[in-house]
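What follows is chain A paired twice: with chain B in the first complex and chain C in the second.
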Partner chain A sequence: MEQIRKQITEFITTNFLFDESITLGVEDSLLDTGVIDSTGVLELVAFIEETYGIKIEDEEIVPENLDSINNISLYISQKLSQLTADKAAN
Partner chain B sequence: MIPIKPIDLSVDLVHHFLERSARFYPDKVAIVHGKARVAYSEINTRADNLARHFLSHGVQKGDRIALLMENCVEYVISYYAIMKAGAVAVPLNSDLKPEGLRYAINDLEAKILIFGSRFDKLISSSDLDAFGLTHLIRKGPLSSLGDVVSFDAVSRFSSGNDGHEFSTLNHELSDSDLASIIYTSGSTGGPKGVMLTHRNIVDNTFSICQYLHLTEKDIQMCVLPFFYVMGKSLLNTHFAVGGTIVVNNQFAFPATVLKEMIAEKVTGFSGVPSTFAYLLHRSPLAASRDKLDSLRYVTQAGGHMSKAIKEQLRRVLPSHTEIVIMYGATEAAARLSYLESSWFADKMESIGKAIPGVELIVMNEQGKEASTGEVGELVARGSNIMPGYLNKPEATSKALAGGWYHTGDQAYRDEEGFFFVVGRQDDLLKVGGHRLSPQEIEDTLMESGLFVEAVVLGMPDEFLGNKLVILAVPSNSSCTSNEVMSFCAGRLPKYKVPSEVRFAKNLPKKTSGKIDRKGCLALFAKTVAP
Partner chain C sequence: MNPTTQRPNDPTNLRLCVRCILPETFPNIKFDTEGICNHCRQEESALAKAPAKKADYRRKLDDLIASVKGKAPSYDAIMAYSGGKDSSYTLKLLRERYDLRVLALTFDNHFVSPTAFDNIRAVTDALGVDHISFNPPWPLMKSLFRITARDDIFSAATLLRASSICTACIAFVKSLTAKTAIEMSIPLSAFGWSPGQAPIQSAIMKTNASLIRQNQKALINSLPDTVQVQMKSYFIPDIYYDLYKDRFPTNVHPLAFFDYDEERIKIELEGIGWKAPTNTDTNSTNCLLNAYANQVHLERLKFHPYVWEIANMVRQGVMPRAEGIEKIYSPQNSEQVEYARKKLEL
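For the complex of A and B:
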């Protein structure tokens, strides 16, 4: 989880946080702070799908999963656990 | 010209929309935003309080008051309060940088700025004192910014005339006075402040209510920013009829928007082409179809949307939901034409016919009305057309030459009187000996089903003037350049076949959601060919 949080923070910092004076907390809303918009969310979704090999369903593109560094990290961890469990079951 | 049917003859100023609905539907929910559900009477009372505050600060008729906020209840209160006080509401783009904000404040000679706490940093780094700004009103928790007044304090409590309804300066205001200034990005010469009178906005609002058959039962999901003329038009039309606006600033998470549309039994949804491209590509719209029982119509404006997306939208939306294609400009207070939904299947590519109160023609190079099928510039006149741009007499003369508003769009009219826009004059690309409209090629590209979005650009070329290139968001990660180029070769004449395609995860957009062609060109240059 810590590793995921680090990767997500790095991705967001590199791609969206152009203003270095902004300090983004792990719980801060990416939308409310103006860090990300709809274009950014699509980029984030593509990054997560490519990096972690998981499929994000349209219904899952919601703030509860993707609107803060913590939410994103937790969501990815859960998806990966589910993926591992599914593989084991098969 | 079809005449406008006013909803109420006594309404001739923009804030009368709010005052009338507060009188007829005092307890009705006017705005839903998150957990907040605010009635017309409360919005009107708070707008009265804020207007009194303006007057106690010496605001005079015609003074410009700038607004820098995301869509919210306070935005709506501010917008109408400014006009109640006889001042001019200037909604600013929430994406402004310090230079842009300084430009606007200077151009407007504004002394008052109302803003949300999200913009604290922008305000403090913009050195606005130097531009004569003397009064800041801020929405949000206590701030470290210096001399700032709390929005809540000045809108929740009256600063005089307690117990009496605020008396707008009606006797001093006429419908030809300025109501609002909206900045529009010009292709040359910096942003232009489009000046709109009360009459411009009131007439256009009545006209839209008329052709969309809006009533107090209508509930609009608003994802477009109020600072954008289309967003502002959604607000005014629904306030004019006593309807409800559901504000949702989370369109980045479309599933959330759809969920709220279902829960609030929304009757109308409006967007620009990218709104619908996004909804169709990454949202559970198709899966939600059976739950959108109340959705009476969707409207699309803000530029040309490809036929492929329109057809897809028709397939995905519930069959009872009408699709209304609309066309307009900030200079027209929003709207100029619409395609009645009954014509959607037959004339999908058309922008329809002039709305009530508007005269629309295609003008040829000789300044005469073009004949059927002949391409020329689309020009309009009517009581909704702006009196001009702020501090830009040259641009005003050009835009309003000969008593017509020149849209800058190339169009033709068919034998049944429907207008078709073929492209923007500014976007025409000179390729070899041809002048090409990227729109036509983009439409063909979208028919391939290979893309979520695609834009055709002109890269400067020593021999051709421009060479055509594509910047596209593929619908599938396995899409290859060869696949795209062979599709083009099979569908387009040789001189219209782009020479190269590059893929991006997204196309750069303006905050209104419109494609940013300059941004696309810069991104193309940075993107590696697949």
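For the complex of A and C:
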């Protein structure tokens, strides 16, 4: 989880901010604060799918899953454990 | 050389990524020892998988269209139509490959070039497409463009990918398209985004009501009070989110996953009466505000507002690097910059 949080923070900082020294709060709303816009959300989804090998369904692209660094990290860890469980079951 | 005489966007004075064309002035960019930027490195694995993904998305679109075609009361798709080559080509694809009932919608920002209007008429006539043009009153557009020309009111995320002026216009286009689709029960909304503008993963996507709502709120809040109320009436009304939640369309931008070759696209379009404009700058073939929007962005932020998109296209191999450099690092057409500045009284 800590590792995921670090990777997501780095991705957002590099891709969506002017200044790397700005610290993002892990609970801050990325949409409300304008850190991420609508295209940004889609780029974030593409990055998550590519990096973690998970498939994000359209209906999962909701603020509850993607609106803060904490929510994103939690969502990814849940998807990853689900993936492991599915593999074990097969 | 006196540094004050240097143009901010002159490639001879700038370090560029040797693979794409992002400059050292692009925020947070890092070059490795080979001179390749962090964005190129980050995209390497995704690019390797792109051909398979594109094929997958072509199938996905075929399936989606099979499931909705002919079922809606009036139109199968609404097309955000600027008259430029990318949206003209997308429209052609929807008509000729899929035979959809399409409504083309042009947002007239009062800077649409006469050539673009000629092309809109020629293409919609040739393809048998209904067309509507939407123009808000000039005083509102003028104050919005004057505000965005003077200040970067939107977030960094937005400004890294487009100028403030363009972002304001795109907000109109996106919400008008969605709003019209909802009101007319049109299941698909199509855009001519180039392969560099948005990732393949988002090329077919059901619009997400809660995400749109939050986004529109953030956009409205970025605007000064003087235009907020007026602007809000063009956005999706709050009541729609409950009343019409099943009518939110699926967005598609097919150019992300069909073969993209500018020259071939132009030749195909010329076959249906479209003509390549000569009086607009090299990056936009339809808007007479574009050169000015680019100029103010460059002066303020020191990188070209199209560089992200064009760098993506160079990286993907759909545009030669030299052509990308030519597009991004040539000076803006000064006549057009002046035309817009005068019209906006700035």
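Miscellaneous remarks
Note that in this section the second predicted complex is superposed on the first by the 86 of 90 C-alpha atoms of A that agree within 3 Å, B and C clash if a C-alpha of one lies under 4 Å from a C-alpha of the other, contacts with A are read in each partner's own complex, and residues count from 1 in each chain.
One rule holds for everything that comes next: a residue touches a chain if its C-beta (ideal position, glycine included) is under 8 Å from a C-beta of that chain, and two chains touch if they have at least 3 such contacts.
Note that this is a predicted model, so its numbers are computed, not measured.
Looking at the shared chain after the overlay, A:V45 reaches both chain B and chain C.
In the superposition on chain A, A:V62 makes contact with both chain B and chain C. Partner contacting the larger number of chain A residues, of chain B and chain C: C. Shared-chain residue A:Y75: touches no atom of chain B or chain C. Once the two complexes are overlaid on the shared chain, A:L17 sits against chain C while remaining clear of chain B.
The contact surfaces that chain B and chain C form on chain A in the two complexes overlap at residues 31-34, 36-43, 45-46, 58-59, 61-63, 67. Residues 27-28, 38, 42, 45-46, 49, 154-161, 174, 197-202, 205-206, 208, 210-212, 214-215, 217-218, 222 of chain C touch chain A in their complex. Listing the residues of chain B that touch chain A in their complex gives 94, 118, 121, 249-256, 278, 282-284, 287, 505-509. Considering their complex, residues 13-20, 31-43, 45-47, 49-50, 58-59, 61-63, 67 of chain A touch chain C. By the touch criterion given at the top, residues 21-22, 31-34, 36-43, 45-46, 58-63, 66-67 of chain A touch chain B in their complex.
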